[in-house]
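Same chain, two partners: chain A is paired with chain B first, then with chain C.
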Partner chain A sequence: MSDVIPAAAAVDPFALGDKPVRSREVFRSLKKDPAALVSIIVLIALALIALAAPLLSPHDPLQTYPDIGLGPQGQPLPPGTPGFLLGTDALGRDVLSRLIYGAQVSLVIGIVANGLATAFGVLVGIVAGYFGGVVEAILMRITDVVISFPILLLCTALIAVTTRSTFNVIIVIALIYWTTLARIIRSMVVSLKEREFVVASQTLGLSHRSIMWRHILPHLVPAIIVYTTLGVASSILIESALSFLGIGVPIPSPSWGQMISDGSTYFQIAPWMLFIPGICLILTVMAFNLVGDWLSDMLNSTTPTAR
Partner chain B sequence: MTALLDVSDLVVDFPTASDGVFHAVDSVSFTVNAGERVGIVGESGSGKSLTSQALMRLVPSPGTVSSGTVLFDGAEVMGFSAKKLQKWRGSQTAMVFQDPMSSLNPLMRIGRQITESLQEHLGLSKAESRVRAIELLQRVGIPDAESRLSDFPGAFSGGMRQRVCIAIATACSPRLLIADEPTTALDVTVQAQVLDLLDHMATELNTGVILISHDLGVISSFCDRILVMYAGRIVEEGTAEQIVGDPQHPYTRALLASILKLSEPIPRRLKSISGAPPLAGRRASGCSFAPRCALAVDACLTIDPALVDTVNGRPGQKVACGVAAPAAFEFAEGATAA
Partner chain C sequence: MTWWILRRLGQMLIVLFGVVSLAFLLVYAVPADPASTLAGPNASAATIASIHAQLGLDNPLWQQYLGFIGRLLTGDLGTSYVLRETPVFGRIVAALPTTLLVAVGGIIWQIILGVPAGIYAAYRRGSWVDRLVTFLSLIGLSAPPFWLGLLLIYYFAFSWGLFPLNGLGSPVFWYLVLPTFTLGAGGGAWYARMTRTNMIETLDSPFVRMARAKGMPEHVILWRHSFRHIAIPLLTMIGLDFGYFLGGVVIVETVFGLNGIGRLAFDAISNLDTPMIVGTVLFAAIFIVVVNFIVDLLYSVIDPRVRLNS
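On to the complex of A and B.
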C-alpha cells in the first residue's frame, strides 16, 4: 500500500535547501504556481471550516431526523432539499453537517498523526545517520521490519488488539508512517555529517547534541516540511481507508472514510452519500500534494526558479 | 621543558580490498612547542592532512590510528575519554580548514557560530559571548563587526570567511592551532593577509601552530620548522633555513626545484617530478621515493631508509635517504638482511 504516498517518491531530498529562505521568495514563487496558490487557499478554508464547525454546520452531525430527514419510503433526501443543502444519509442525518465535522476529524488525524510520525522519524533518522555503526544498524533494521509489513494489514492488526478510538487510530498511523521519513533523513544525515562544517564543529568540541540539533537539523528542515506536507495527505487517506474498513474512527463520529463506506452501501439510491465526501477527500489530498510539490520546488536550492 | 605536542610513531591504517592494511601515515614522530610554527609539506596523498586528523582523533572511517602516542602537555590524547576529548577540542586545540566556503555552516548566522564554542567551553552567557564575538571579529580585522554578527556566511567574501574561521578557531585561545591548507582556496593577495593574521594571532596567544600545505613558499615564509612528508612518512625535517637553503632529500630538492624563481629567467618548461606517488596499498620494498628518484642506487630499492641526522652536521636536520646520509641505511629496519 506504498502507493498511498505517490508524490513523495518524486522528491529528491538532496536537492533541498542549503540557503536561508526569505519571505519575498516565497511570495514570488507562489505567484508562478497558481495551482499551489489555490491549494493553499483550499487548505486554509478547510482549516477555518473545521475550526468553526459548530458555528457553520446547520444541524448536529449525529442527530437523526427520521421524520423530516427521510423520504416517504424512508429513503435519503437528495441534495438541494430545503433544510438539507447536501441531502441526508440513510439514517436521516444532515450530510453537510457531517461533512463539516468530518473535516475536523480528517485534519486532526492527518496533522497530529503525521506530526508524531515526523517527530519520531526525524529523531530516528538523525540519530542513526549521525552515530552510524551499531546504533544505525539496530534502528534501521527496525525501520526495515516496519516498512516491510503491508500498511493496511499492520493497521488492522494493531487496531484489532486495541480498542477502536480516535486516539488509537492516530497512534497506529504515526507508528507506521515514521519509517519513510526516517530512511530519507538518515541518508541525508550520512552525507551531511561528512560536510566540512560538521567536521569543523567537531574540532570545536561541540557536543553531539548541539551538532545534531543546531548544525544538522536546520539543513533537514526543507525536506521535513515537504515530506510532512505530503505525509498529511497520506495520513488522511489511510484514516479514510481504515474508516472504510470499519476500523477507523469509532462510529457515529463523522469521518469522511466512514461516510464513503456508508455511501457505498446506498450507492444505487443515494449516490451523493458516496460522491460528496469522496470529492472532498480527493480535493484535500490533492491540495496537500500540490502544496508539497510546490514547497519542494521552492526549497530546491539547485533550481530556485523551477516552474 | 616538555613539548606542547609530542607525537611519536603515529601510524594510521586503512584496510585494503585484499584484506591487508595500508599505512596511510607511517611512523610519524615530531614535536611542537608552545609558540612554535611547524609546517608539514607534501603532495596530495602524502598523509599530511590525515596526520592532523589523527591528532584530533578525527580519522575518517574506515581508517584507524593503529599505534603511536600523541602527548598533549604530557597527557595521552589517544587515551582521552569521549567527554575529555570534547572538552579538549576547541578549548585547547582548534583547526582552520582549507575551504572557508564549506567549513562554515551556511544556515547559521556567523555570530552564533562564534558564540557556540564560547558558551560550550567557557560557559559564557549569551550577552557575554556576544561581546566577546564582536571583539574576536574586530581582532581578525572584520570591519563593522557588530552588525555583521547577524549575517549568514554567504554574505562574506572568501578571505573574510577565512578570517571568521580563524576568529572561531581562536575564540577560546587554544594552545595548539592546526591550519590545514588555510590559504589554498584563496586569492594570492588574500593569502598573504590570512597568513599575516595567523602569524599575528599565534604570536599574541603564544599558540603552537601546525601549518599544512603543499606550497613550500607559504610554509617556508611562515614556519620555524618544516617536516617534508612523502607517502605517509617524514622524509626530511629541519628548520625553514635548512630545508630551503640546504635540502638533503632528493624529494625536497625536487619540490624546491619545481618552484619558479623570479630572480632567474623563466624556463620554457617548469620542472616537475616525474611519475606519481605510490598507490595506496602497493608499496614496494625499499624507499618509497626510489622509483621517481634520479639519484636512486640499487640499495634504495631494497632498504627502507630510517630518519637520521644529516651528514652536513646541522643540528635538528634529519633526512630519510641512504644516498644523502648512509646512516639511513644502517639504522633501517631489516638492514642486516641487505
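On to the complex of A and C.
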C-alpha cells in the first residue's frame, strides 16, 4: 500500500453491529483488553499535554540557545543535560519543549484532517449508495480517480501549488483521505437500502433527506467510529511523512515529522534527535490503532466480546 | 463474461480520463507560476513574459488542455522545464529500473515477513507466537517508514557497517537490502494481519473439520487445502501493491538516495516542473489503474462468483 498503510483495511465493516452499546459493556470489554485501556489513558494524557503545552514545556520551543544549548564544538547536547532533559537539537532548541508542542500539531492535524475526511466520505458514500444510478456512477468514478493517485504524490503536488500552511496541510490530507471511507459507506448503504425499515420509510413517504440522515446514518455509526479512530493514525502518519519531505507544517513550527527530518541530518552525532520524536510518533499511532481495534472488536456483532 | 470485461474496460477508460484531467488541472490551473519559478527571484517582467510565450502559458486554459491531450495521445509527455532538452518520457523510463528493483524487493519482503507469520499465528491461535506476531504487526503498521529507514541506516549501515549507507552500487543486491526491507516492513505487517484473519476464518470452516475428521495430516490441511483459500485475497493484495510501488516510493527513495520515479516526481513538484509532474503522477496513476483492472479480471477468472455478483 504505497507509502502509508491504512490499518483500516483489516476491518470488515459488515461485521460491525448496529445495536446501541451500553456503558457497562464498554467497561467490561475494556477490562478484557488491557492494551486498549492503556492506549486510551495514553491518548488522554497526550491530549492533556498538548492542551497544557505552554504550562508544561520548560522552554520556548522556538527559542534557540546558541550559548547554553550547544556543546563547545557547537554540537547538540545529549539527553540528561541539566536544564535540557531530553537534550537539544542542532540549533540549540530544547527537544522536550518541541516534543510537547509537536503533540499539538500531530493531534490537531490528525483529528481535524481526519474529521473533515470522514464527514466528506460519509456524505459521498451515503448519497452514492442511497440514490444509485447516475449519481452513484459519477461519485464513485470521482472516488476511483482520487484513489488512483499515490497518496503522497498527490499531497505533495497539492501543497506545492498552494501556499504552505498548517491549514492547507489539513485540507490536503482531508481532500485525499475521504475515498476509502466513501467506498465502505457506499457498500454498506447499498445493502441497508434493501432492508425493511428503509422500504417502509419510503412507503410512508418520508423525504430522501430524512431517510438518509435519520434512518440510515445511525446504522453506520459503529463503522464510522472504528474507521475514524484508525484514520487518525493514518492521518498522523501522512502528516509526519509530509513534514519529513519538507512540505508539512511550515518551519519553525515543531512537528514530530519535522523533528525526525531535522534529526536525519545529524543522526551520526545526535541520534536522540531521531529516536525521541520517532518513539512518540509510533506510540501515538499505535495507541490510535489499538483503540480502533478494540472498538471494532467490541462493536463486532458476529463475535461479541461484551458478554 | 465479455460484456463484463467491456464494462470494466469502459470504467477504466473513464477513470484514466479523469486521472489525466485532474493531473492537468492540478498543475496548469493553479496560482503558482512555473515561469517565475524558472526565471528565478530576480528576473524582469520581460523575461517572465518571454518564458510564458515560449511555453505556451499565454493561451487560454482550454487550448492548453486540448494541446496536452493531443500530445498525450501520441505518447508525447513534453520536455522538462528544468532539465532542458530532456523528454519527460525518457527520464521516466530511465528511472523505472531502480523503482522496479525496489518494488520487487519490497513485495518479496512483504511476503516473506507477512505470510508465514500470519499462517502460523492463525494455526496456533492464542499462543505466544500469535501474540508476538500480532504485536509486531501492530508496530509495523504504526511505525513511519521513513523513521524505520533512518533507524536501519543508523544501526546497520552507520554503526555496524554491514550495509552501504545509500545510493546504488555493485553488487546491487547489497544496496537493496535496507531500502526494500524498509518498504516491505509495513506491508509485511499488513499481510500478516490479513493472512491471520483469513486463515482463522478458513480453519474454522466445515471442510477443514471434515478433513480433520477423515484423519488427514495437519500439514496437508494447512498447506494444500487452507492455503488455497487465502491465496486469492493474497494475490489481490500483491497485485495492488505492485501497482502502487511501481508508481514510485517517494519516502524510501528519499531516505536511501535512490533516483527512482518517486524521487523524480518529488523533485519535479518542488521545482514546479509542470510536464515532469504531470508525466510522473500520470505514470503512477496509470500503473495503479491498469493493475487494478488486471487484478479484477484475474479475480473473476479464479472465482466466478465475483463475476455474477457484479
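Convention: the second predicted complex is superposed on the first by the 300 of 307 C-alpha atoms of A that agree within 3 Å, B and C clash if a C-alpha of one lies under 4 Å from a C-alpha of the other, contacts with A are read in each partner's own complex, and residues count from 1 in each chain.
One rule holds for everything that comes next: a residue touches a chain if its C-beta (ideal position, glycine included) is under 8 Å from a C-beta of that chain, and two chains touch if they have at least 3 such contacts.
These numbers were taken from a predicted model, which means no experiment stands behind them.
In the superposed model, A:207 lies in contact with chain B only, and not with chain C. By the document's definition of touching, neither partner reaches A:265: not chain B, not chain C.
Touch criterion not met for A:63: it reaches neither chain B nor chain C.
When chain B and chain C are set side by side, the one touching more residues of chain A is C. Contacts of A:274 after superposition: chain C is touched, whereas chain B is not reached. By the touch criterion stated above, A:285 is placed in contact with chain C alone, chain B being left untouched.
Those residues of chain B that touch chain A in the complex are listed here as 56, 58, 60-61, 85-91, 93-95, 97, 99, 102-108, 112, 116-117, 120-121, 152, 154, 165, 168-169. Interface of chain A with chain B (complex): residues 18-20, 132, 194-197, 199-207, 210, 214-215, 218-219.
Note for the complex: chain C touches chain A at residues 11, 14-15, 18-19, 22, 26-27, 30-32, 138-147, 150-151, 153-154, 158, 186-187, 189-190, 193-194, 197, 240-241, 244-245, 247-252, 254-255, 262, 265-266, 269-270, 272, 277, 280-281, 284-285, 288-289, 292. Within the complex, the chain A residues that touch chain C are 1-5, 7, 9-10, 141-142, 144-146, 148-150, 152-154, 156-158, 160-162, 233, 237, 240-241, 244-245, 257, 260, 263-264, 267-268, 271, 274-275, 278, 281-282, 285-286, 289-290.
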